[in-house]
(Lines give C-alpha, C1' and ligand atoms only; values in the text may rest on other atoms or scores of the structure.)
Protein backbone atom coordinates (compact mmCIF):
# COMPACT_ATOMS: atom_id res chain seq x y z
CA UNK A 1 0.00 0.00 0.00
CA UNK A 2 1.23 3.55 -0.71
CA UNK A 3 2.77 5.22 2.32
CA UNK A 4 0.59 8.02 3.77
CA UNK A 5 3.21 10.43 5.03
CA UNK A 6 2.22 14.09 4.70
CA UNK A 7 5.87 14.97 4.18
CA UNK A 8 5.91 13.12 0.83
CA UNK A 9 5.81 15.29 -2.31
CA UNK A 10 3.04 13.10 -3.78
CA UNK A 11 0.81 13.52 -0.70
CA UNK A 12 1.56 17.26 -0.67
CA UNK A 13 0.77 17.55 -4.42
CA UNK A 14 -2.68 15.99 -3.83
CA UNK A 15 -3.16 18.30 -0.82
CA UNK A 16 -2.45 21.25 -3.19
CA UNK A 17 -5.05 19.96 -5.69
CA UNK A 18 -7.54 19.79 -2.76
CA UNK A 19 -6.70 23.27 -1.40
CA UNK A 20 -6.87 24.88 -4.86
CA UNK A 21 -10.16 23.01 -5.62
CA UNK A 22 -8.43 21.99 -8.87
CA UNK A 23 -10.38 19.97 -11.38
CA UNK A 24 -8.30 16.85 -11.98
CA UNK A 25 -8.34 13.84 -14.27
CA UNK A 26 -7.85 10.54 -12.47
CA UNK A 27 -6.67 7.67 -14.68
CA UNK A 28 -7.42 4.17 -13.38
CA UNK A 29 -5.54 0.92 -14.01
CA UNK A 30 -8.65 -0.19 -15.92
CA UNK A 31 -7.76 2.44 -18.56
CA UNK A 32 -10.95 4.31 -17.55
CA UNK A 33 -10.59 7.87 -16.30
CA UNK A 34 -12.80 10.32 -14.47
CA UNK A 35 -12.74 14.01 -13.65
CA UNK A 36 -13.68 15.99 -10.58
CA UNK A 37 -12.45 17.78 -7.47
CA UNK A 38 -10.57 15.84 -4.81
CA UNK A 39 -12.27 16.41 -1.45
CA UNK A 40 -9.86 14.46 0.74
CA UNK A 41 -7.22 11.72 0.74
CA UNK A 42 -6.23 9.04 3.21
CA UNK A 43 -3.95 6.01 3.10
CA UNK A 44 -6.45 3.88 1.15
CA UNK A 45 -8.44 6.26 -1.05
CA UNK A 46 -9.10 9.65 -2.48
CA UNK A 47 -12.64 11.00 -2.41
CA UNK A 48 -13.68 13.03 -5.44
CA UNK A 49 -16.72 15.03 -6.37
CA UNK A 50 -17.53 14.30 -9.99
CA UNK A 51 -19.68 16.83 -11.86
CA UNK A 52 -23.28 16.72 -10.59
CA UNK A 53 -22.68 13.54 -8.59
CA UNK A 54 -22.20 12.52 -5.01
CA UNK A 55 -18.87 11.54 -3.53
CA UNK A 56 -16.84 8.78 -5.22
CA UNK A 57 -14.24 6.79 -3.29
CA UNK A 58 -11.31 5.77 -5.51
CA UNK A 59 -8.78 3.23 -4.20
CA UNK A 60 -5.13 4.40 -4.47
CA UNK A 61 -4.22 0.85 -5.56
CA UNK A 62 -6.41 1.34 -8.65
CA UNK A 63 -4.99 4.75 -9.64
CA UNK A 64 -2.52 4.99 -12.53
CA UNK A 65 -2.16 8.79 -12.66
CA UNK A 66 -3.64 12.12 -11.60
CA UNK A 67 -3.22 15.30 -13.65
CA UNK A 68 -4.82 18.73 -13.68
CA UNK A 69 -7.83 18.49 -16.02
CA UNK B 1 -3.31 -4.24 1.67
CA UNK B 2 -5.49 -1.26 2.55
CA UNK B 3 -5.25 -0.27 6.21
CA UNK B 4 -8.39 -1.09 8.22
CA UNK B 5 -8.44 1.74 10.73
CA UNK B 6 -11.94 2.89 11.64
CA UNK B 7 -10.60 6.41 12.11
CA UNK B 8 -9.86 6.70 8.37
CA UNK B 9 -12.29 8.80 6.31
CA UNK B 10 -12.52 6.02 3.67
CA UNK B 11 -13.51 3.39 6.26
CA UNK B 12 -15.98 5.84 7.84
CA UNK B 13 -17.47 6.68 4.39
CA UNK B 14 -18.16 2.96 3.78
CA UNK B 15 -19.61 2.69 7.31
CA UNK B 16 -21.99 5.55 6.39
CA UNK B 17 -23.06 3.73 3.19
CA UNK B 18 -23.76 0.63 5.38
CA UNK B 19 -25.68 2.57 8.09
CA UNK B 20 -27.77 4.45 5.51
CA UNK B 21 -28.43 1.18 3.57
CA UNK B 22 -27.31 3.19 0.51
CA UNK B 23 -27.43 1.51 -2.87
CA UNK B 24 -23.90 1.79 -4.25
CA UNK B 25 -22.07 1.06 -7.49
CA UNK B 26 -18.82 -0.83 -7.01
CA UNK B 27 -16.36 -0.55 -9.90
CA UNK B 28 -13.81 -3.36 -10.17
CA UNK B 29 -10.29 -3.27 -11.67
CA UNK B 30 -11.68 -5.63 -14.32
CA UNK B 31 -13.79 -2.67 -15.60
CA UNK B 32 -16.89 -4.62 -14.50
CA UNK B 33 -19.18 -3.00 -11.95
CA UNK B 34 -22.01 -4.17 -9.74
CA UNK B 35 -24.68 -2.55 -7.57
CA UNK B 36 -26.08 -3.38 -4.19
CA UNK B 37 -26.09 -2.59 -0.48
CA UNK B 38 -22.90 -3.01 1.52
CA UNK B 39 -23.61 -5.25 4.51
CA UNK B 40 -20.20 -5.08 6.18
CA UNK B 41 -16.52 -4.36 5.58
CA UNK B 42 -13.32 -5.79 6.98
CA UNK B 43 -9.63 -5.46 6.11
CA UNK B 44 -9.87 -7.82 3.12
CA UNK B 45 -13.36 -7.43 1.68
CA UNK B 46 -16.71 -5.76 1.55
CA UNK B 47 -19.83 -7.91 1.54
CA UNK B 48 -22.67 -6.66 -0.62
CA UNK B 49 -26.23 -7.74 -1.21
CA UNK B 50 -26.91 -7.48 -4.92
CA UNK B 51 -30.56 -7.27 -6.01
CA UNK B 52 -32.33 -10.61 -5.49
CA UNK B 53 -29.07 -12.43 -4.78
CA UNK B 54 -27.20 -13.81 -1.83
CA UNK B 55 -24.15 -12.17 -0.32
CA UNK B 56 -21.17 -11.37 -2.56
CA UNK B 57 -17.68 -10.99 -1.12
CA UNK B 58 -15.64 -8.40 -3.04
CA UNK B 59 -11.89 -8.10 -2.39
CA UNK B 60 -10.71 -4.54 -1.59
CA UNK B 61 -7.64 -5.21 -3.77
CA UNK B 62 -9.99 -5.63 -6.77
CA UNK B 63 -12.02 -2.46 -6.14
CA UNK B 64 -11.38 0.63 -8.28
CA UNK B 65 -14.16 2.87 -6.91
CA UNK B 66 -17.39 2.99 -4.92
CA UNK B 67 -20.07 5.64 -5.52
CA UNK B 68 -23.70 6.09 -4.52
CA UNK B 69 -25.79 4.42 -7.24
CA UNK C 1 -1.56 -9.61 1.02
CA UNK C 2 -5.00 -10.13 2.61
CA UNK C 3 -4.83 -10.72 6.36
CA UNK C 4 -5.61 -14.33 7.36
CA UNK C 5 -7.29 -13.83 10.69
CA UNK C 6 -10.06 -16.35 11.39
CA UNK C 7 -11.91 -13.68 13.36
CA UNK C 8 -12.49 -11.65 10.19
CA UNK C 9 -16.01 -11.80 8.70
CA UNK C 10 -14.57 -12.44 5.21
CA UNK C 11 -12.52 -15.45 6.42
CA UNK C 12 -15.56 -16.72 8.38
CA UNK C 13 -17.82 -16.30 5.30
CA UNK C 14 -15.47 -18.49 3.22
CA UNK C 15 -15.34 -20.99 6.11
CA UNK C 16 -19.17 -21.13 5.95
CA UNK C 17 -19.07 -21.78 2.18
CA UNK C 18 -16.59 -24.64 2.88
CA UNK C 19 -18.65 -26.12 5.76
CA UNK C 20 -21.91 -25.94 3.77
CA UNK C 21 -20.16 -27.43 0.67
CA UNK C 22 -21.73 -24.47 -1.19
CA UNK C 23 -21.22 -24.22 -4.92
CA UNK C 24 -19.67 -20.80 -5.48
CA UNK C 25 -18.72 -18.59 -8.38
CA UNK C 26 -15.23 -17.12 -8.14
CA UNK C 27 -14.62 -14.02 -10.26
CA UNK C 28 -10.99 -13.31 -11.15
CA UNK C 29 -9.32 -9.97 -11.91
CA UNK C 30 -8.88 -11.30 -15.45
CA UNK C 31 -12.69 -11.05 -15.82
CA UNK C 32 -12.76 -14.88 -16.08
CA UNK C 33 -14.82 -16.76 -13.52
CA UNK C 34 -15.10 -20.36 -12.41
CA UNK C 35 -17.46 -22.41 -10.27
CA UNK C 36 -16.92 -25.14 -7.73
CA UNK C 37 -16.72 -26.04 -4.06
CA UNK C 38 -14.09 -24.43 -1.87
CA UNK C 39 -12.11 -27.15 -0.10
CA UNK C 40 -9.87 -24.96 2.04
CA UNK C 41 -8.40 -21.47 2.37
CA UNK C 42 -5.10 -20.14 3.65
CA UNK C 43 -3.38 -16.74 3.59
CA UNK C 44 -2.33 -17.06 -0.07
CA UNK C 45 -4.98 -19.14 -1.80
CA UNK C 46 -8.28 -20.90 -1.85
CA UNK C 47 -8.45 -24.44 -3.19
CA UNK C 48 -11.56 -25.33 -5.15
CA UNK C 49 -12.95 -28.48 -6.69
CA UNK C 50 -14.36 -27.58 -10.08
CA UNK C 51 -16.90 -29.98 -11.60
CA UNK C 52 -15.22 -33.24 -12.68
CA UNK C 53 -11.73 -31.82 -12.19
CA UNK C 54 -8.91 -32.06 -9.71
CA UNK C 55 -8.08 -29.36 -7.21
CA UNK C 56 -7.43 -25.82 -8.43
CA UNK C 57 -5.36 -23.36 -6.42
CA UNK C 58 -6.59 -19.77 -6.85
CA UNK C 59 -4.47 -16.89 -5.53
CA UNK C 60 -6.39 -14.46 -3.28
CA UNK C 61 -4.53 -11.59 -5.01
CA UNK C 62 -6.24 -12.61 -8.27
CA UNK C 63 -9.77 -12.85 -6.84
CA UNK C 64 -12.27 -10.05 -7.52
CA UNK C 65 -15.35 -11.62 -5.89
CA UNK C 66 -16.91 -14.82 -4.56
CA UNK C 67 -20.69 -15.39 -4.54
CA UNK C 68 -22.95 -18.40 -4.06
CA UNK C 69 -23.47 -19.92 -7.51
CA UNK D 1 3.51 -10.64 -1.28
CA UNK D 2 2.22 -14.18 -0.60
CA UNK D 3 3.59 -15.64 2.62
CA UNK D 4 6.17 -18.43 2.06
CA UNK D 5 5.50 -20.69 5.00
CA UNK D 6 5.99 -24.38 4.22
CA UNK D 7 3.25 -25.19 6.72
CA UNK D 8 0.64 -23.54 4.50
CA UNK D 9 -1.65 -25.87 2.51
CA UNK D 10 -1.03 -23.84 -0.67
CA UNK D 11 2.77 -24.15 -0.37
CA UNK D 12 2.41 -27.86 0.44
CA UNK D 13 0.08 -28.37 -2.58
CA UNK D 14 2.72 -26.89 -4.90
CA UNK D 15 5.37 -29.05 -3.19
CA UNK D 16 3.19 -32.08 -4.03
CA UNK D 17 2.95 -31.01 -7.68
CA UNK D 18 6.77 -30.74 -7.72
CA UNK D 19 7.35 -34.13 -6.00
CA UNK D 20 4.87 -35.91 -8.27
CA UNK D 21 6.38 -34.19 -11.38
CA UNK D 22 2.75 -33.29 -12.20
CA UNK D 23 2.04 -31.47 -15.45
CA UNK D 24 0.18 -28.34 -14.40
CA UNK D 25 -1.63 -25.45 -16.08
CA UNK D 26 -0.66 -22.04 -14.72
CA UNK D 27 -3.17 -19.26 -15.40
CA UNK D 28 -1.79 -15.72 -15.32
CA UNK D 29 -3.58 -12.47 -14.49
CA UNK D 30 -3.03 -11.55 -18.15
CA UNK D 31 -5.55 -14.30 -19.02
CA UNK D 32 -2.67 -16.19 -20.71
CA UNK D 33 -1.87 -19.66 -19.41
CA UNK D 34 1.02 -22.05 -19.81
CA UNK D 35 1.69 -25.71 -19.02
CA UNK D 36 4.68 -27.54 -17.64
CA UNK D 37 6.31 -29.12 -14.60
CA UNK D 38 7.06 -26.98 -11.55
CA UNK D 39 10.74 -27.40 -10.65
CA UNK D 40 10.80 -25.28 -7.51
CA UNK D 41 9.02 -22.48 -5.64
CA UNK D 42 10.20 -19.65 -3.44
CA UNK D 43 8.54 -16.56 -1.93
CA UNK D 44 8.64 -14.61 -5.22
CA UNK D 45 8.31 -17.14 -8.01
CA UNK D 46 7.73 -20.63 -9.26
CA UNK D 47 10.11 -22.06 -11.84
CA UNK D 48 8.55 -24.29 -14.48
CA UNK D 49 9.86 -26.42 -17.28
CA UNK D 50 7.59 -25.91 -20.27
CA UNK D 51 7.63 -28.59 -22.98
CA UNK D 52 10.93 -28.51 -24.91
CA UNK D 53 11.99 -25.20 -23.36
CA UNK D 54 14.36 -23.96 -20.74
CA UNK D 55 13.29 -22.81 -17.30
CA UNK D 56 10.64 -20.12 -16.97
CA UNK D 57 10.37 -17.95 -13.86
CA UNK D 58 6.75 -16.97 -13.12
CA UNK D 59 6.05 -14.31 -10.48
CA UNK D 60 3.50 -15.39 -7.82
CA UNK D 61 1.99 -11.90 -8.01
CA UNK D 62 1.08 -12.61 -11.66
CA UNK D 63 -0.50 -16.03 -11.03
CA UNK D 64 -4.30 -16.37 -11.01
CA UNK D 65 -4.54 -20.16 -10.60
CA UNK D 66 -2.67 -23.47 -10.86
CA UNK D 67 -4.43 -26.74 -11.69
CA UNK D 68 -3.33 -30.20 -12.75
CA UNK D 69 -3.18 -30.17 -16.56
CA UNK E 1 5.03 -1.05 -2.29
CA UNK E 2 8.43 -0.50 -3.93
CA UNK E 3 11.17 0.29 -1.43
CA UNK E 4 12.36 3.92 -1.55
CA UNK E 5 16.00 3.57 -0.67
CA UNK E 6 18.26 6.05 -2.46
CA UNK E 7 21.03 3.45 -2.45
CA UNK E 8 19.06 1.23 -4.84
CA UNK E 9 20.18 1.20 -8.48
CA UNK E 10 16.57 1.71 -9.67
CA UNK E 11 16.10 4.82 -7.50
CA UNK E 12 19.51 6.12 -8.61
CA UNK E 13 18.66 5.46 -12.31
CA UNK E 14 15.49 7.60 -11.97
CA UNK E 15 17.53 10.26 -10.15
CA UNK E 16 19.89 10.28 -13.18
CA UNK E 17 16.93 10.73 -15.57
CA UNK E 18 15.80 13.69 -13.39
CA UNK E 19 19.29 15.28 -13.18
CA UNK E 20 19.88 14.91 -16.94
CA UNK E 21 16.33 16.25 -17.69
CA UNK E 22 16.04 13.17 -19.92
CA UNK E 23 12.87 12.73 -21.92
CA UNK E 24 11.52 9.33 -20.92
CA UNK E 25 8.75 6.98 -21.97
CA UNK E 26 6.72 5.62 -19.05
CA UNK E 27 4.77 2.44 -19.80
CA UNK E 28 1.78 1.76 -17.56
CA UNK E 29 0.21 -1.59 -16.58
CA UNK E 30 -2.81 -0.44 -18.61
CA UNK E 31 -0.63 -0.80 -21.75
CA UNK E 32 -0.87 3.00 -22.17
CA UNK E 33 2.36 4.97 -22.20
CA UNK E 34 3.28 8.61 -21.89
CA UNK E 35 6.40 10.71 -22.42
CA UNK E 36 7.90 13.59 -20.52
CA UNK E 37 10.56 14.70 -18.04
CA UNK E 38 10.57 13.29 -14.53
CA UNK E 39 10.56 16.17 -12.02
CA UNK E 40 10.80 14.15 -8.84
CA UNK E 41 10.18 10.71 -7.31
CA UNK E 42 9.06 9.54 -3.90
CA UNK E 43 7.98 6.19 -2.43
CA UNK E 44 4.51 6.34 -4.00
CA UNK E 45 4.85 8.25 -7.27
CA UNK E 46 6.91 9.92 -9.91
CA UNK E 47 5.91 13.38 -11.09
CA UNK E 48 6.41 14.06 -14.78
CA UNK E 49 6.07 17.09 -17.00
CA UNK E 50 4.41 15.98 -20.22
CA UNK E 51 4.83 18.22 -23.28
CA UNK E 52 2.83 21.45 -22.85
CA UNK E 53 0.99 20.14 -19.79
CA UNK E 54 1.06 20.60 -16.08
CA UNK E 55 2.48 18.07 -13.67
CA UNK E 56 1.22 14.47 -13.78
CA UNK E 57 1.50 12.19 -10.76
CA UNK E 58 2.05 8.56 -11.80
CA UNK E 59 1.74 5.80 -9.16
CA UNK E 60 4.76 3.45 -9.02
CA UNK E 61 2.32 0.54 -8.58
CA UNK E 62 0.91 1.35 -12.04
CA UNK E 63 4.28 1.57 -13.82
CA UNK E 64 5.44 -1.32 -16.01
CA UNK E 65 8.65 0.25 -17.38
CA UNK E 66 10.59 3.47 -17.90
CA UNK E 67 13.02 3.95 -20.79
CA UNK E 68 14.78 6.91 -22.37
CA UNK E 69 12.44 8.24 -25.08
CA UNK F 1 6.78 -6.35 -2.90
CA UNK F 2 8.93 -9.37 -3.85
CA UNK F 3 11.60 -10.15 -1.25
CA UNK F 4 15.16 -9.30 -2.39
CA UNK F 5 17.15 -12.00 -0.67
CA UNK F 6 20.14 -13.19 -2.69
CA UNK F 7 19.73 -16.64 -1.18
CA UNK F 8 16.41 -17.10 -2.99
CA UNK F 9 16.45 -19.38 -6.06
CA UNK F 10 14.53 -16.76 -8.10
CA UNK F 11 17.08 -14.02 -7.32
CA UNK F 12 19.94 -16.45 -8.04
CA UNK F 13 18.31 -17.49 -11.36
CA UNK F 14 18.20 -13.84 -12.49
CA UNK F 15 21.81 -13.43 -11.32
CA UNK F 16 22.71 -16.40 -13.58
CA UNK F 17 20.94 -14.77 -16.55
CA UNK F 18 22.98 -11.58 -15.85
CA UNK F 19 26.32 -13.43 -15.46
CA UNK F 20 25.76 -15.50 -18.62
CA UNK F 21 24.64 -12.35 -20.54
CA UNK F 22 21.63 -14.48 -21.55
CA UNK F 23 19.10 -12.99 -23.93
CA UNK F 24 15.77 -13.27 -22.12
CA UNK F 25 12.10 -12.67 -22.85
CA UNK F 26 10.31 -10.66 -20.17
CA UNK F 27 6.53 -11.02 -20.15
CA UNK F 28 4.59 -8.18 -18.52
CA UNK F 29 1.18 -8.27 -16.82
CA UNK F 30 -0.01 -6.10 -19.72
CA UNK F 31 0.47 -9.18 -21.97
CA UNK F 32 3.26 -7.25 -23.74
CA UNK F 33 6.72 -8.78 -23.75
CA UNK F 34 10.20 -7.57 -24.54
CA UNK F 35 13.63 -9.13 -25.08
CA UNK F 36 17.10 -8.16 -24.03
CA UNK F 37 19.95 -8.74 -21.58
CA UNK F 38 19.39 -8.13 -17.88
CA UNK F 39 22.08 -5.73 -16.61
CA UNK F 40 21.14 -5.73 -12.93
CA UNK F 41 18.30 -6.38 -10.47
CA UNK F 42 17.26 -4.80 -7.21
CA UNK F 43 14.22 -5.09 -4.93
CA UNK F 44 12.04 -2.91 -7.18
CA UNK F 45 13.22 -3.45 -10.75
CA UNK F 46 15.31 -5.22 -13.28
CA UNK F 47 17.29 -3.16 -15.79
CA UNK F 48 17.52 -4.59 -19.29
CA UNK F 49 19.36 -3.65 -22.44
CA UNK F 50 16.97 -4.13 -25.34
CA UNK F 51 18.50 -4.50 -28.81
CA UNK F 52 19.96 -1.18 -29.99
CA UNK F 53 18.35 0.77 -27.15
CA UNK F 54 19.35 2.36 -23.91
CA UNK F 55 18.57 0.90 -20.52
CA UNK F 56 14.97 0.04 -19.65
CA UNK F 57 13.80 -0.17 -16.03
CA UNK F 58 11.08 -2.81 -15.59
CA UNK F 59 9.15 -2.96 -12.30
CA UNK F 60 9.08 -6.44 -10.69
CA UNK F 61 5.41 -5.82 -9.80
CA UNK F 62 4.66 -5.64 -13.54
CA UNK F 63 6.52 -8.82 -14.52
CA UNK F 64 4.56 -12.00 -15.23
CA UNK F 65 7.47 -14.23 -16.34
CA UNK F 66 11.08 -14.32 -17.52
CA UNK F 67 12.42 -17.08 -19.80
CA UNK F 68 15.54 -17.56 -21.89
CA UNK F 69 14.77 -16.09 -25.33
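Letters are used for the chains, namely A, B, C, D, E and F, taken in the order the chains are written, and counting of residues starts over at 1 for each.
Please note the rule applied: a contact is a pair of C-beta atoms (placed from the backbone, for glycine too) under 8 Å apart; a residue touches a chain by one contact, two chains touch by 3 or more.
By chain, with names taken from UniProt: A, B, C, D, E, F = Hfq-related domain-containing protein.
From a predicted model like this one, the values you see are computed outputs, not experimental measurements.
**Q** Shortest hop count from subunit B to subunit F along touching chains?
**A** The least step count works out to 3.
**Q** Could you put a whole-Å number on the gap between the CA centroids of subunit A and subunit D?
**A** Those two chain centres are 37 Å apart.
**Q** How many angstrom between the C-alpha centroids of subunit D and subunit C?
**A** About 18 Å, centre to centre.
**Q** Where in subunit B do residues touch two or more other chains at once?
**A** Within subunit B, the residues that touch at least two other chains are 1, 28-31, 61.
**Q** How would you write out the ring, from subunit D onward through subunit F?
**A** From subunit D, continuing first to subunit F, the chains appear as D, F, E, A, B, C.
**Q** What does subunit A use to touch subunit B in their complex?
**A** Against subunit B, the touching part of subunit A is residues 1, 28-32, 34, 40, 42-45, 47, 50, 53-59, 61-62.
**Q** Which part of subunit B faces subunit A closely enough to touch in the complex?
**A** My answer: residues 1-3, 8-11, 13-14, 27-31, 60-61, 63-68.
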